[in-house]
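In what comes next, chain A is part of two complexes: it sits with chain B in the first one and with chain C in the second one.
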Partner chain A sequence: MSERLSVRKTYKLYIGGAFPRSESGRSYAVTGAKGEFLANASKASRKDVRDAVTAARKAFPGWSAATAYNRGQILYRIAEMLEGRRAQFVSEVAEADGVSGKKAGELVDAAVDRLVWYAGWSDKISSLRGSSNPVAGPYFNLSTPEPTGVVGIVAPPMGPLFGLVSVIAPVIVTGNTCVVIASERAPLPSITLAEVLATSDLPGGVVNILTGSAAEMAPWLAGHMDVNGIDLTGADAELAQRCEELAAENLKRVLRPNGKTDWTADPGTGRMTAFLETKTVWHPIGI
Partner chain B sequence: MSIPTASSNASLRASLHGLPGVDRVGADARAAGLGTRSIKTTAKRQAIDMAISMVDLTTLEGADTRGKVRAMCAKAVHPDPTDPTVPKVAAVCVYPDLVAEARDVVGSSGVKVASVATAFPSGRSSLEVKVADTAMAVAAGADEIDMVIDRGAFLSGDYLKVFEEIQAVKEACGEAHLKVILETGELATYDNVRRASWLAMMAGGDFIKTSTGKVQPAATLPVTLVMLEAVRDFRDREGRMVGVKPAGGIRTTKDAIKMLVLVNETAGPDWLDPDWFRLGASSVLNDLLMQRQKLTTGRYAGPDYFTLD
Partner chain C sequence: MIFEYAPAPESREVVDIRPSYGLFINGEFVDGSGTPFKTVNPASEETLAEVAAATEADVDRAVQAARKAFGVWSALPGSERAKYLFRIARIIQERARELAVLESLDNGKPIKESRDVDLPLVAAHFFYYAGWADKLQYAGYGTTPLGVAGQVIPWNFPLLMLAWKIAPALACGNTVVLKPAETTPLTALLFAEICQQADLPPGVVNIVTGAGDTGAAVVGHPDVDKVAFTGSTEVGRLIAKSVAGTNKKVTLELGGKAANIVFDDAAIDQAVEGIVTGIFFNQGHVCCAGSRLLVQESVAEELLSSLKRRLSTLRLGDPLDKNTDIGAINSAAQLAKIRELSEAGEAEGADRWSPACPLPDKGFWFPPTVFTGVSQSHRIAREEIFGPVLSVLTFRTPAEAVEKANNTPYGLSAGVWTEKASRMLWMANRLRAGVVWSNTFNKFDPTSPFGGYKESGYGREGGRHGLEAYLKEIS
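Then we have the complex of A and B:
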C-alpha cells in the first residue's frame, strides 16, 4: 500500500460564522516556541476588519436580545465542545508556547473552567450591576445593565487559548458581539477555537476572529465609527496609546489594563462591566 | 424600422420582433465581467459623487407621511449636513398626493420632484384614470412622471395598447419628463426587455426605467445592460437620446459603481450625467455617504451617524 498523503489544515479567518481566507490573499508563517515551522495562517487586512465589524453589527440585535439564560447555556456549550477537543488543544498549546504536555493540559482545563465561570454570570450580572433606585416622586426607578454593542478585542500575545477565552467570554456573555485580533505570535489555537464556536449554537457573527498583524489591524478597529468599545489587553504601549486616541473620536469604551495580566488570578467582574452601559427606567406608580 | 407611425399591432409587432435577439448567456457574462472592475481612491471618490448626484431618492410606501417626505426631501438637498461639499441628489420620487409636499421642501434647490403615476405599481386601471393620475401629479408640481406600462397587454402581444397609453400619458405630462417603467422582473426574457425598451422610446418616453421596486428581481446588471444597448442603438438610428434609470435592489456603493461602469462601457460617457442616467434607490445613499466619509476621514464610518430612513 502506498504511503498516505499528509492532510494539513488550512488556517483561515472566522467571520460571520464562516471561514473565509483573507480578502487580501495574504498569509504568514507561524512558528513554534523553538522556532520550528508550524503552519501558515491568514494575514487579515483592514477590509477583513471592516467585514468582521459588519458581521458583528448584524449579529448584535439577535444576540443582545437573547435571554441571559440562553446566552449562559451557549457559553456552557462552548465549554463542553472545548472539553471534547481537549487533546487537540493540548498539543496546539504545547507547540505554540513550548510548554510540557502536562502544563498545556492545565492551561486548557483552565480555559474550560473560565468559560463555565463566565457562563454562570450571564443571569447574575444584572443583579449585581442593576438597582432599584429611591427617587423623590411616585415612580419605580430601575437601572439595568445593557451591552455596549460591537467590541473590538486585541487578544493577549501570550496564552493563545486561556488568555483568548479570558477576553472573549466576558464580552459576549453580557450580550455584546466582538471582533477579535488573535495573538500574532500564536494564532493557531484561536482558529481551532473558532471551530469550537461554530459548533456551539453560538450565532454566526457574535465572535469574529482575525489572525495577522495587530499593529496593522487594531488602528482600523479603534477608528471604526461602528465599533462601540475596544479591549487593548494585547496591544503594546505604543499601539495602545495610538488606538486609545483613535477610539476617542466616537467615545468608544476603552479597556486598557495596566501592566501584565495574571490570567490565573480571580478575574472579577471588571472585564464584563467594562462593556456594559446602564439603562434607567422611570415607571409611574400609584395611578 | 419606421417610427413613429405605429398604426396597428401588426406593424409594431413587425418592428419589435425584427429587433435582433439578446444573447442571454453573453449578456450575463458581459455584465458580470464589467462588475469586476476595481475602482479605487480618487476615481472612487469621483464615482461616489457622480452616483450621489444621480440618485432619485425614493419613498413609495403605503405608510408614507407628509413628515417622512419632508425629511427625505431635506436630505435630498443636503445629503450630509456635516459636509457641504456633498452634491445634492438628482430628484426625489414620491406618490402623486405627496408631490406638493415635496415641491414645498425642495423649492428652487435644483432637486427635481418626480412622481409615480398611472396606477403605480400594477398599472391596472383604465386609460382615463391613468391620464387623470398623471395630470394630478403634474398640476401639483412634478417635474418628472414615472409611469408603468401595462405588462399584461405587453405580454399578450397588444403592443398598440401599450404604445397608445404611453403616448397619452406623455401628452398629459406637458413639460414634465416621462420615465417609462418596464417592470423587467415581470417581462420574463431579455428579448422582451429589449422590445419593451424600443416600444417605450418609440412612443416618446424620455427615460426608460427598469422596475417599480415592488417586484423581484429588479434592476439587475444584465437587464440594465440590455436597456443601455437599446438607448445607444436608438440614438444611432433615430437621433434622439433617451435616459436610463435602474431602480430597485441597488443598495451598496459597489452596486452603484458597477452601474456607472456599465453605462460608460455600454452606452458611453454621454450618458454619465444626471440628465441621462439615474439610480432609483433609497438605502444606497447612506452607503455612498459612509464610503465618502471613509475616503475623507480615513476611518470607517458607522450608520449611527447617518439618518434612519
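Then we have the complex of A and C:
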C-alpha cells in the first residue's frame, strides 16, 4: 500500500468575491521558514490591481450604506468562520513563520479576537468621532464620521494572518472597501483568509486580496486616481516615500508606517480614524 | 424698482497704515532679506504699503524663534495659555472696526462682510479655542502638542484664516510661523501688533510675509513639525508630495466646486437668497462657494427669473461703502483667471448673463454672472473659478442630483433646498462633501468642523475635531 498522495490547493487572487488567477499568468514559488517549497502563489499585475480597485469601488455604495449593526454582524461572522478553520490556519501560520504549533495557535486566536474587537466598534465609532455642535445661531448642526472610500493596504510582511487581520478589519468596519497587497514573503494565509471572507456574508469586492510583489504593485495602488486612501504599514521607508508621493496626486489619505510590529498591543482607534471623513450638516431651526 | 442710495462710506481714518512693514519674528518687527513688495487696494489700485519679503534665511530665523518659544509655551499650564488667547480675542473685539476697514482695504471685500462676518468670527474663534487650552484631556486626542506649526493661508479671508490656524495651534501648546497671502498681508501684521499688546511671549507667533517661495520655505523647513495650508488644490498637491517620507503632520483645506441643489418643493425666495449668498458672498472668493446650481427642471424657469430679478438689486462698488454687496476682485491675476474661464464658458456654448452693472474705472471688478445651459463637461462646471460666476445645471430625479453633485474631484461643501426633511437627510447622506448646508448656505461657526473630502483636502478646522490637527496621535 502506497501512502495516499494529497490534493494540493491552488492559491489564486481574491477580487470582487471571486478567485481568479493573475491575468498576467504569472506565479512565484512560496517557501516556508525552512526554505521548503509550499506552493506557487499568483503574482498579481498592474491590471489585477486595477481590476481589484474597480471591484472595491463597485462594492463601496452598498457596504458604506449598510447599517453599522449589519457590518458588525458580518465582522463577527468572519471571526466565527476563522475560528472554525482554526486547525488549517495554525498549520499555515506555523509553516509560513516557522513557529511552533502552540505559538501559531496563539496567533490565530489573537486574529479571531481582534476581529471580534473591531466588530464591536461598528456602531460605536460614530459616538466617539461625531459631535453635535452648539453654533451661535438658530441651527441644528451635527458632525458624523463617514468612510473615506476605497483604501489600498500594503499588509505587513510579518504576521501573515494576525497582522493582516489587524490592518483589514479597522478599514472595513467603518464602511470602506479595500484592496490589500498581502505579505509577499508569506502570502498563503491571506488567500485562505479570503476563503473565510467569501463565506462570511461579506459582499464581494469589500475586501480584495492580491499576492505578489509589493514593490511592483504598491505604486500602482498609491497612484490610482480612484483610490481614496492608502495604508503603507507594510512598506519599507523607500517604498513608503515613493507611494506617499504618488498618493499626493489625488490627495489620498495616507497612513504612514510607524515601525511598530507589535500587533498584540492595544490597537487604539487610529487605524479606523485614518480612513474616516467628518461630514457636518447644518439646518435652520424655525417654525 | 431701483432704489437710489446716498453714499455711506465707512471712514478709513480709523486705521493707520504704515508706509512699510517688516517681518514679525520673535516678538518684534525686523527687516526681511528679500526684495520688498507692494500691497495694493484692489478697489483703486493705490499702493497701501510696502511689505518685507522673507527669504529662506528669514524663515529659518522665524522657525528657530518658534522652536525656542515652544519650550516655554508648551510648558505653560493650559489655563495660562487660555488667558493669553482670551486676551487676544478681546483685543480683536476692541480693535474690530480698525481690522475690518483694513481687511476691506487690502482685500476688496465689502465692509458689511468684513465687519459683520469676518471680524465676529475671528474673535469667536479665539474665544472658542481659548476655552479648550485647559480642557484638552477631555477632547480625546491626547494632550501633547506637535511643536512648530508652519501655516500658509490664502487671501480670501485673510484674518479669519489666520484665526483658524493660530487659535487651535496655540491652544494645544504649539508655536507658529504663519505666512499670509502676498496680496493681503496687512491684517496679519496688525495681528502681530495685537500679540505684542497681549504680551504674548516672543516667538510664539511669527509672521513671515512673501510670495510662494516664502511659503515653500515655511512648509519645507526641516524643523517644522506640522504643516497647515489653505489654498489651491494645485499647491496642496505639491505640499502633500513634499512632505512624503517625513514625520510632518499635514492638514490641507483646498479647492471646491460645490453643488447647490434646489428641489421643486423648496421655498423659492429663501433658495434664491441662499444661491446669492452661496456664490456672490465675498465676490465668490470662497473655497466652499455654491458655484454649481443644480435646479430641478420643473422649477428652473421660475427660479432663474427670481434669481435674475434679485441679482439686479445687488450693488457693486466701493468696498468701504456700507451699502455695497459686491466688492473688488482681489487681484489683477485673479480677475484674469475669472475672465478666462468665463470666456471659456461662452466659447463652450453656455449662455452668459449679468445684470446691468456699471463697473468703476479703476480697480479690479467683475459683475455677478450667471451661466445657463451648462453641461457637466464644460470647464465652468468642472474648474474652480473663485469669482462671482454661477453655473446652472438642471436635474429631474434626486438620484440624478446626487450623481451630478458628486461628479467632481472636489468634496468640500454642498447645499440642499427642500421642504421635505427625509429627502434632505437622504441627500445629505449621499453627498460626498465635508459640509452640507440644508436650506441655508455659507454658514460658519468656530464650534462646527470644516474641511473636505477627496481633493478638497484633509483634516478639519473648527470644533473639537480641529484640535486633532495640532496634537500628537495617541497610540
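Rule of thumb we're sticking to: the second predicted complex is superposed on the first by the 282 of 287 C-alpha atoms of A that agree within 3 Å, B and C clash if a C-alpha of one lies under 4 Å from a C-alpha of the other, contacts with A are read in each partner's own complex, and residues count from 1 in each chain.
By definition in this document, a residue touches a chain if its C-beta (ideal position, glycine included) is under 8 Å from a C-beta of that chain, and two chains touch if they have at least 3 such contacts.
Since we're looking at a predicted model, the values are computed, not measured.
J.: One more residue to check, A:258. First (chain B), second (chain C), both or neither?
T.: second
J.: Is A:196 touching the first partner chain B, the second partner chain C, both, or neither of them?
T.: In the superposed model, A:196 contacts neither chain B nor chain C.
J.: One more residue to check, A:249. First (chain B), second (chain C), both or neither?
T.: In the superposed model, A:249 contacts both chain B and chain C.
J.: State whether A:161 touches chain B only (first), chain C only (second), both chains, or neither.
T.: Neither partner.
J.: Looking at the overlay, what does A:53 touch: chain B (first), chain C (second), both, or neither?
T.: In the superposition, A:53 touches chain B alone.
J.: By residue count, is chain A touched more by chain B or by chain C?
T.: C
J.: Considering only touches as defined above, state whether A:226 meets chain B (first), chain C (second), both or neither.
T.: First partner only, chain B.
J.: Does any part of chain A touch chain B in one structure and chain C in the other, and if so which residues?
T.: Chain A residues touching both partners: 249-250.
J.: Would you mind writing out the residues of chain B in touch with chain A in their complex?
T.: 298-305
J.: Given the complex with chain B, which residues does chain A contribute to the contact?
T.: Touching chain B from chain A are residues 50, 53, 220, 223-227, 246, 249-250.
J.: Over in the complex, which chain C residues touch chain A? Could you list them?
T.: 124, 140, 233, 236-238, 240-241, 243-245, 247, 252, 254, 409, 424, 428-429, 433-440, 443, 445, 447-451, 453-455, 457-458, 460, 463-465, 473-475
J.: Contact residues on chain A for chain C in the complex?
T.: It comes out as residues 65, 128, 131, 133-137, 139, 141, 143, 148-149, 228, 237, 240-242, 244-245, 247-251, 253, 256, 258, 260, 268, 270, 277-284.
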